[in-house]
Amino acid sequence: MTGISGWLGAEASAALALSLKVSVVATLVSLPFGVLTAFALARWRFPGRQILNGLVHLPLVLPPVVTGYILLLTFGRSGVFGGALAELGIVFAFRWTGAALAAAIMAFPLMVRAVRLSIDAVDPALEAAASTLGANRLWVFLTVTLPLILPGILTGAVLAFAKAMGEFGATITFVANIPGETQTLPTAIYSFLQVPGAEPEVVRLVLISVAVALGALALSEWLSVRVARWVAGR
Amino acid sequence: MTGISGWLGAEASAALALSLKVSVVATLVSLPFGVLTAFALARWRFPGRQILNGLVHLPLVLPPVVTGYILLLTFGRSGVFGGALAELGIVFAFRWTGAALAAAIMAFPLMVRAVRLSIDAVDPALEAAASTLGANRLWVFLTVTLPLILPGILTGAVLAFAKAMGEFGATITFVANIPGETQTLPTAIYSFLQVPGAEPEVVRLVLISVAVALGALALSEWLSVRVARWVAGR
Amino acid sequence: DPVRIAAPVSLKGAFDAVVAKIVKDLGVEIVPVYGGTSLLARQILTGAPYDIFISANAAWMDEVADSGRLVPGTRHDLLTNRLVVAGNAPSPERPLDDALTEGQIAMALTDAIPAGIYGKQALLSIGMWDDVEPRVIETADVRAALALVARGEVPLGIVYATDVFAEERVDIVARFDVMSHDPIVYPLAMLTSAGTDALRVMAALSSDEVGELFAAHGFQRAD
Amino acid sequence: MTLAVQIQQKWPSFALDVEFDAPPGITVLFGRSGSGKTSAANAVAGLMRPDTGRLVLGGRILFDTAAGISLPPHRRRIGYVFQDARLFPHLTVRQNLTYGRWFAGRDDDIEMDRVVEMLGLAALLTRRPSALSGGEKSRVAIGRALLSGPDLLIADEPLAALDEPRKAEILPYFEWLRDETGLPILYVSHSVTEVARLATTVVVLEAGRVIRQGDAAEVLGDPTVTPTGIRDVGALITARLVAHHSDGLSELDAGGIPLILPQISGSLGREVRLRLPAQDMILSRARPEGLSALNVIPGTIISIRDGEGPGALVVLETAAGRVLSRITRRSVAAMGLASGMTCYAIVKTVAIAAPDAGG
Amino acid sequence: MTLAVQIQQKWPSFALDVEFDAPPGITVLFGRSGSGKTSAANAVAGLMRPDTGRLVLGGRILFDTAAGISLPPHRRRIGYVFQDARLFPHLTVRQNLTYGRWFAGRDDDIEMDRVVEMLGLAALLTRRPSALSGGEKSRVAIGRALLSGPDLLIADEPLAALDEPRKAEILPYFEWLRDETGLPILYVSHSVTEVARLATTVVVLEAGRVIRQGDAAEVLGDPTVTPTGIRDVGALITARLVAHHSDGLSELDAGGIPLILPQISGSLGREVRLRLPAQDMILSRARPEGLSALNVIPGTIISIRDGEGPGALVVLETAAGRVLSRITRRSVAAMGLASGMTCYAIVKTVAIAAPDAGG
């Protein structure tokens, strides 16, 4: 790590570390919500289903800066929830947690869609078989549906992680760019891009992003092959 | 439409029209490539497979501005391919076609992942059955695999369309923000965000984005329910 | 062909009015293309089809000049601006060192975006940088810093005087001495790719009427 | 515990309208392909919600459209062996088998060991379903349902994919379930052999309707009910086990008539159900001598019914019960057979051997 | 056209090592559940690539590890009726049926109509597979493979999910394929009835190896080969159709011995294969009189072999060929049977009726 941080410089390696932390936390924390939302959208019929579906997809449709502003309006210090949460000691604004929130929300539609596609592909006959064996809906979900959709969950997580690593617009708008606290790789790259002649720094940071992402991808490919084999029992 | 363009103003309604054109073209043109890429990644083992996989995902991982710069360096007038293509009369730089290219590339990983997930869920036994009936690989793909992955293709297309509607960073970097030519809804929103006191314009544009996106989503939900029923024969 | 003017997006409010006036006066077609200065400059460096470039600082205009894409002799400074400390309205104006003693301060990126760079220079020159630095919230551009102040997310911001001029929810709390940082100028130049109407538009941009229009938005003419 | 079934369901191309009772023991749903057997079973299990109907299992109302009740499948406590095995692909054979036991709240390994042994699954326990043959899958599916501790077992052609020796090994287990546990079993089958051997009650479906239901002996002995073809007619009689002979044969007493069968298990005095296929009964006017066939049942002809084709069905009243014989019309004429006449029905020992003898 | 098979494949828990020829006609792969029948069929169809081996179909090399040849499945021209139906869920029954015809390049509706009618699919043509019953799916799967115009047909227990009358309707179609088309058929089955009726050649698998192969009459008549249980032994004999009687019976001549059967189709003089189940043959020392059974075959005992349990298998040499009878050891003793002795085998007309009679 000293080699890398030496080559990168202290600020850039702090940005890398933060990006990794933000992306991992955003992915892991949002995963259960993503799975639940996907399941609800795929299997339940409830009023407001279309609205939930729309909400989930909004971050994809809106320019990231707008999403960032909406986050600011809701989770900022003077925001609708932000104030209430701050009373409880939960602060997002200008904190790395806010970066994770922004990344999670931007990545959420990708995660939900991937999981939902997997849920739709599960053979309902298997779930029916489980229910005749005494499993209630929750157990059917945990013991049959969930294992069978693992490939989709993995894909969702990889997409979310990759998106979180690249997220810029919503993040900088919501939590700004505080070195060591909210300065992720993309915001660092953005800063360097503004300065004439800073191209070598940009290239360095881009390369490090690419390396991390390709590493994560390769890992996920390897994992997903094993998971797919495991699920299919081959 | 005159009602809407009256309410929106000429510039904004031009941006809306352009966004729709760019998103539809980006989605439709990239769809076959997306399906092919997904199929190659899911089913073929070839050298460079991991590299292709990495390339496809790069736009997700990199800050959009970086992707935009890379596009500028490759497909710009003096870019690697840009020059050659210009000789053939194909120009992307600062044209709406470039906006479509940027949107397509940013949306490509989402599309490929969705399709790939569906391909992985196809029962190989059905494809084997088709091959014993005399269908070669292409025919098996066209008559068995393709119909069975239609839900994934639809999901991929919806994700791509939504992403294309929201794409900002790569677009403004690659083709700028030229009213009537490359100014999409997100870049228009960005411009208005810079003007103090222009919040009403921003809100108007955001609402119109949201409306279009929700409309597309509702349509796709409806379609995907029918497609899923059709595929499962229920 | 219309005359395409690449202009910093932070000029948009004032510049839209200027363009409308010139279009009316000259009868030429003008398309303003707004974006971040660095973005516009890089686009020009890769051959963007613009006729006129207005930069938010000298550095990027120098960069474009070095590439030989400027028509020699057409470059000059169009506007200047002033740097101020802004607070959520209503706030009385105070001395600088008093105004900056506490609270977070929103600034555009202090190493990258002109407003942030000028702000850091000014703070350094008055010896307050070390005190202020831990309280700085850096934003992607100066408008984002202004928005944070306007929304009350951050009590103070270092922005241009013109920004405060246009934003009702924000007042000027303190002003920086113009000598405490590099001059804030908006250089203008014609590009080698320019068409025939561009020269007339260049002239119009430097006219007194246009100068007054800019002034109405808080900008000062550079001389 | 008894299951009372009454369901109606309409599809564009098919309508199901059935009403029957499944008392303790095995109720066989019998009928041609497409007659609605699986659909009826699905409705009972709660996997299909019929348009209207009522299902009551031992007093528990599972479903009642009038009362707006519909228990979800997992609360019906109905084990289901599906026509396709439907094993969980991500679980090993062992995990598939134990799946239902988590919920049954039982965990006695003796039962598990017994099922594993009987179904010959010991060598497969660590495999995944994708590495099983068709027959192996069926066996795992049977075990999985049995081990879930159900109040009612539904088995949809559970033995169709199995070979004869394996069938012969598994049938006794169903008999044991029928005879010892009081568990009602709804058993879908095409095979008259299975039906005759297992059924307590037979429900015959045709085009979605019940055309006959009742006691197995009665329905199967009725020559007018031949849903799967005339070849399958036969009489069911009850006999008592009286002796085990040292040469591997068992002697039974059927209303005073001695019958010799290959060894059957059980203690002396036990009641045994035998199927005498009409197909296998030879008739003779005189008591036959010097034949290898050991079983001769004297009786009186009560009817002779011409079938389709060259055959005729002769019904005899005997001390052992009603017996059917299917012979050619030519023989009827040649032998001068007529109602009221006395004659002898001859059947080989091995023709009534397992699997037709309850054993 | 002949198929020559030689394949080796090892899994951790199972090894397949088979070598056999499938000449024109029907070659039945016969063996217990898990013996490797489906695996062998998959290797032939190209759905599994064995470790080593060689497959030649009518001179075309389909697979040869030594030569590095492995044709993909679609170029092998092998129709496959899978053990699970594997219908395309997104296509209607009609589209499933016609799927293979696109590639076969044929489009004659007569063939299509014939198959649809024979399989009873007319009412189902517009349905999707999810709206079919288990038996209906099997029928569509058979039709789909038949209509693809293959050089070789593989059928993996194609009739297992069908009821008896439907089996009886479909069997003749396989016979027609065997007799009229010269199409080699690899037929996996557990059912001795099907094997006896259809098989030209029988290949018996046990634990992944061929334990016996050869002419059907020979293999099935061999009492040492009883892969699916002693109950299934029987002799195959050939007889010539000599007369159709007006009472619906047909008369055949088996080496000079007259046999009476329920009407079978075909013109006089035609050769017919009959299976005489050992199970159904009664023996008598004297020529029997006054029995309803019409067929009596005199012969000489050439061996008496004690089986497991109380039974014995008596092999007779007769003018009709070798005939087997399974009777009790008690009867052997009571009748004093011994090698070299003359006696009479009695079998009912209906016991050799369809589906055991080729017709």
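For clarity, chains are labelled A, B, C, D and E in written order, and residue numbers in each chain start from 1.
The rule is short, and it goes like this: a residue touches a chain if its C-beta (ideal position, glycine included) is under 8 Å from a C-beta of that chain, and two chains touch if they have at least 3 such contacts.
Nothing here was measured: the structure is a model prediction, and the numbers come from that model.
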Using the touch definition up top, find the fewest steps from subunit C to subunit D.
2
Which chains are shared contacts of subunit B and subunit D?
A, E
If each step moves to a chain the current one touches, what is the fewest number of steps from subunit B to subunit E?
1
Between A-D and A-C, which chain pair is linked by more C-beta pairs in contact?
A-D
Separation of mean Cα positions, subunit C and subunit B [Å, integer]:
35
Centre-of-Cα separation between subunit E and subunit A, whole angstrom:
60
Subunit A to subunit B, mean C-alpha position gap in Å, rounds to 20
Multi-chain contacts in subunit A, i.e. residues touching at least two other chains, fall at 69, 190, 193
Contacts with two or more other chains, residues of subunit C listed in rising order:
none
Mark out which residues of subunit E touch at least two other chains, giving numbers and ranges.
84, 131
For each chain, which other chains does it touch, given as pairs?
A-B, A-C, A-D, B-C, B-E, D-E
Subunit B contacts subunit A in the complex at 50, 53-54, 57-66, 69, 109-110, 113-114, 116-118, 120-121, 151-152, 155, 159, 162-163, 165-166, 168-169, 185-187, 189-190, 193, 202, 206, 209-210, 212-214, 217-218, 221, 228
In the complex, go through subunit A and note every residue touching subunit C.
69, 72-73, 76-78, 93-94, 172-173, 176-179, 187, 190-197
The answer for subunit C against subunit A in the complex is residues 36-38, 41, 59-60, 62-63, 104, 106, 109, 111-113, 136-140, 144, 147-148, 151-153
Within their complex, state which residues of subunit B touch subunit E.
125-126, 128-137, 139-140, 143-144, 147-148, 230-234
Using the touch definition from the top, list the residues of subunit E that touch subunit B in their complex.
45-47, 72-80, 82, 84, 86, 88-90, 99-100, 102-104, 128-131, 144-145, 148-149
